[in-house]
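See structure below.
Letters A, B, C, D and E name the chains as they come in the text, with residue numbers starting at 1 for each one.
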Amino acid sequence: MNEIERHYRYQGDPLHEGEVPSDIRTEELTLNMGPQHPSTHGVLRVLLQTDGELVLKATPYVGYLHRCAEKMAEQVTYRQFTLYTDRLDYLAAMNNNLGFALAAEKLGAIEVPARAQYLRVIFAELNRIASHLVATGCYGLDMGAFTPFVYCFREREYVLDLFEAACGARLTYSYITIGGVREDLPEGWIGRCREFLDYLEPKITEYNNLLSYNHIFINRTARVGVCPPDLALAYGLTGPCLRGSGVPWDLRKAMPYCRYDEFDFEVPVGRGEQGTVGDSWDRYFVRLLEMIQSVRIIRQALDKLADGPVQAKVPRLVKLPAGEIYYEVENPRGQLGFHLVSEGGTSPYRLKIRGPSFCNLSILPAVARNCLLADIAALLGSLDIVMGEVDR
Amino acid sequence: MLVLERPKVEYRGWSLTIVRLATKWGPWALALLLRFAWVIFFAVLVVLTAFVWIVGRFINPLLPWFLRDIVVVVGLLAFACIVAIIGIWAERKVSARIQSRLGPMRSGAWHGWAQSLADGLKFVQKEDLIPHSADQPLFRLAPYVTLVPAFCAYLAIPFGASWVFRDSDVGLLFVLALLAIEVLGVIMAGWASNSKWSLYGAMRAACQLVSYEIPMGLSLLVGVAAVGSLSLIDLGRAQERGWFSWLIFQDPFLFVAFFTYYIASLASCKRSPFDLPEGESELVAGFHTEYSGFRFVMFFFAEYVAMFAVSALATIIFLGGWNAPVAGWSSPWWFVIKSAFLVWVQMWFRWTLPRIRIDQVMHACVKYLLPLTLLLFLGGSAWQLYDNPAHPAFTVFANIVRAVLGLIGLGLVGLYVFGAGYGYYYRQRLVGSMVRKHLPGA
Amino acid sequence: MLEKAIFLLFAVPTVVAGVAILLSKNIVRMAFWLIAMLIAVGGLYFLMGAYFLGVIQIMVYVGGVAVLLVFGVMLTSRQLAPKLRPGPMETVWLAAVSMALLLGLVLSVAQVRWVQGPIASPNSPAEIGHSVMGDFLGPFELASVLLLVAMLGAAYLARPKVPVQSPEGSKETTI
Amino acid sequence: MNSTEIIQLLQQQQGPALAAAVADGLHPHVVVPADRLMAVATVLRTDWRLRFDLLRCISAIDWPAKNTIELSYDLLATARGHSFAVKVLLDRANPRVESLRGIWPAAEWHEREAFDLMGVTFLHHPDLRRILLPEDWVGHPLRKDYQYPTEYQGLQLNP
Amino acid sequence: MMGPMPYVILSVLLLVLGLAIVISKRNAIVMLIGVEFILNAAALNLVAFSRHGAGDLSGQTAALFVIVIASAEAVVALAIFLNFYHRIATVDIDRGDQLRG
């Protein structure tokens, strides 16, 4: 056991089992927060060892939504695989498409026109707003406040209408393809998009008074499910979960892609306002602030939207040269990575997908120890898991 | 262009056909009844009195009193059912209004008034299964043990100065005792359905309800100390001299006692921030996870009946039950309006506040509510010691305090009315999605 | 005649509850039979005009102690419905002893000639208050001391052996 | 630090261990024999100049032609902002390698997935069992020569 | 008016039932239930005699004290049984034979 393992021991990391105080011996229930449970956001099964109201150990079981997208990638051409990327993180399909398209374009050294890149930024950020709206709404629902859920979904309705006007679909768009964007915007779309941005801005302050600074909500989420920064990094947490723990790491700022370096926006980081740094409240609040930053980015992107083609000249059957690349994109839930190995054929030789929720979920056993049953719901809600990209 | 016309929906279930028939022929029957209402009413009255007079003379002098009690009890049960039905419908409409949606609009003519009826019929025809390993007799008994005390509470609640089934001089304690029995129904349900989740619900319910009975009882006793009698009629009669004679404005301790009582009553009805026993997001559905069909309706019903009963207690003791703000005009309608307002506030809490954790519930009760109510009780009874003609200086001070508190009360009511008006005036007419109507051809 | 009818209405459930507890095997059912008995005895108090006592019985006993008992039963019963099988010889001896005791007591009670004193009228809590503060003041103070000691003792006995570390260890959660 | 400096630094620390090193191209990496992986990983994690604290992904690639299974560990240093990869070539019949669970706990689930879908066994792994497929599944789907099962627990599957 | 006789007979019945429960059942909690039976029998007697015999309500206040003390006793007894339960997994009285611990 080298000094690094000792390094992780002090946070009660489950490297060694059995440090549960043994002489609490009222009846020990093993409880199944089964695949269908209102607060597990999808088909996730968590086995809880509880003693009365106290949860001693929580072990997640995944794999109920496994469709083996990676095996199918080897039998499908590059253009056809963009349809599978929609189904990975079904709440942020635009960002998944963007990730795969960028990885393929980098491997094939395909040059994407400027207008397409700005369109990609606009749609990726709009999808980030929609996904964060779902996350904050469902988190309010987990805590028992039903109303914010309904407000968030009302706002999300406008984003989905914008997407429907642009690419015809509301959830699985496959709008961003290799070489650019499928179609150009319908006329009048930009005006409606600005109207939506002006409509959304005051709404976020409304959610703050309704939920974020609500005394009961703060008591339920502050100091609950605390992930210290180095434990979060050790378990590979990325996105709002990592930034909630105080690590200012955002791929759009650190390793800019698709012209993100041309926009100025801040990276909100959890500062432990209501409790300690890295608790559920921080992760929730970072998502709220990120929505405001996304609005700023979209506004700047809309101003920079130049005319021009939206699709580079890419052959109908894309053939990428032999080679290998690992490319990551900043998704609403974290860094979505594509490890693309190609042998020069029309379909990838091997494609490994690194889902952010897969790593975010892996911290659950380490953090959910000696907490109450209701805290499990708080912790899971704040990690914002989507089972599509955990099970792939 | 795709034109969406209203889809022809065929209801095949017999329950919904009844609702459709009722809503189709209902208004006609109602109109007929209304036109000849007065005639029918007097006819029934004459027949009844003749029957009672004959029975009284020939069979047994005690019987008319017995009949009167039966009629009153049936009336009370009907009132409780109506309260629950309106409560269920109102809860849906209130939550819709808060969440900027319409709520039930289709079953029944105006604003879906028959929605509770439709729910009831839906639940009646649903199969209510009993889990195999459940404890059969306890499982069947539990809904009744929750429902019966909630209805019995109405026996002791006076609607008007003499409108009460049987006024006993321990009326207040009688209602509190009945609410204590309701805990057993919840525990029985949780234990009998033999599943871990409902066991958690039962455990939580037991802790919460038993521990919140004490602050609830104590804050009521502060009012009783002011009036000196436990009977609800005396409590009501002591507040007959208009707005400033209401107990809530008598002394600052009583003013705070109203709010502690209200919080404790929220917990004892398992409502809003304290709805842990059936915390949906953690416990699936808490103690009534395994119940379906008509048994579930009983739990659902008992909740609304208990909600109104508890608010009725609050109005009688703190807000002067059937007495109007102006001295003379006391009538049962004032009692119903005030209780309905308190029930509306309970619904308002439910759709705005998240749920608190079980250990916070216990901490709130033991560390904050209990000592506070004990202090209030001490202060309230001390205040009563000095607030009598023997200490003229203090009574002058007491009158000033009474006036100030009354003005604060008026201020609060004004604030509420202003807020409601402001909200109504500046509400945003939300028609469909704001974006859709701009799209070409939409 | 009416009073005897109502008396039987409340007396029979108490005896039935007692016998049911003797015969039943499932602990939880026994607890709920106890609650039935307590409510029936409360009814008897109402019949005898002791309204305040009846209400207190229901509130304190049924609402508090019985819930505590059911809680205790739930916590300690390892399986959901533990079975208790007394041996055959035990039931015979039990029946014999209890029958003998019953007969002896009833016969001795039957011979007593009751001096029919004045019937107490149904009283209001105020009178009970006066009597508690009046001639029962001594026992009242003693009872309050006893309750205090009982509460402290119970809290001390039932504290968790290992302080449970709450999230972030800020405050101890004892459930 | 760009990848050439990283590779020079690694050569100083673990000179003989590096089988091959590719600095330019889209995926700068260094190939390490299986038994030296733990040492190189510790250097990458603890050296103050490198400080790779985020293990992004472990991908297992099956090369039946070269009869090897290639494991690629993609790393990222959030403090320094540079990224790098370490590759290990294992023989295809019995792929065994040391588990990096002690250095990066994030590796636990990635290694379980590699074991589940590709059949790579990791030594000293806390609980090496299938993560995505059911416990009693036979075979490792992501291998190139994987035959689709026609029957699973009584369910017939006719392709 | 039927005098105190029926109440006395009922309380004797309750007493016997309580004793039978305490003797026959080996579970600690059920013995507690038996004790509750006996206490209720006593309280019933008190109230009956105060109504028919003495004519005032001193019996009722005595019954009030019986209830108060019974609840205190039940609390302490349950705390002891929970502790007992911590030491030995079951609540079976025969098992509680060692004096240590």
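Worth a mention:
Please note the rule applied: a contact is a pair of C-beta atoms (placed from the backbone, for glycine too) under 8 Å apart; a residue touches a chain by one contact, two chains touch by 3 or more.
Quantities reported herein were computed from a predicted structural model and do not represent experimental measurements.
Touching subunit A and subunit D together: no chain.
Of all chains, the one whose Cα centroid sits at the greatest distance from that of subunit A is E.
Looking at contact counts per chain pair, the maximum sits at C-E. Most remote chain with respect to subunit B, judged by CA-atom centres, is D. One inter-chain figure worth recording: subunit B and subunit E are separated by 37 Å, centre to centre, where each centre is the mean of the chain's CA atoms.
One inter-chain figure worth recording: subunit D and subunit E are separated by 70 Å, centre to centre, where each centre is the mean of the chain's CA atoms.
With centres taken as mean Cα positions, subunit D sits 68 Å from subunit C. Centre-to-centre, using mean CA coordinates, subunit B is 63 Å away from subunit D.
Across the assembly, subunit E contributes 85-86, 89 as residues in contact with two or more other chains. Residue positions of subunit D touching 2 or more other chains: there are none.
Residue positions of subunit A touching 2 or more other chains, listed in rising order: 26, 52-53, 372, 375.
Looking at the complex, you find that subunit E touches subunit C at residues 1-10, 12-21, 23-30, 32-33, 36-37, 40, 43-44, 47-48, 50-58, 60-65, 67-76, 78-83, 85-86, 89-91.
Interface residues of subunit C facing subunit E in the complex, by the touch rule stated above, are 3-4, 7, 11, 14-15, 18-19, 21-22, 27, 30-31, 34, 37-38, 41, 44-45, 48-50, 52-53, 56-57, 60-61, 64-65, 68-69, 71-73, 75-76, 78, 82, 84, 86, 90-91, 94, 97-98, 101-102, 105-106, 109, 114-120, 123, 127-128, 131-132, 135-136, 139-140, 143, 146-147, 150-151, 153-155, 157-158, 161. Interface residues of subunit B facing subunit A in the complex, by the touch rule stated above, are 95, 98-101, 196-197, 200, 203-204, 273, 275, 279-284, 351-360, 430, 433-436, 438-440. Note for the complex: subunit A touches subunit B at residues 29, 31, 37-39, 52-53, 140-147, 150-151, 154, 157-158, 161-162, 165, 186-188, 191-192, 195-196, 199, 210-211, 214, 216-217, 219-220, 372-377.
Subunit A makes touch with subunit D in their complex at residues 1-2, 4-5, 8, 13-15, 62-63, 66, 68, 70-71, 106-107, 230, 233-236, 238, 247, 249, 254-255, 323-326, 328, 335, 337, 339, 341, 349-350, 352, 354, 358-359, 362, 366, 391-392.
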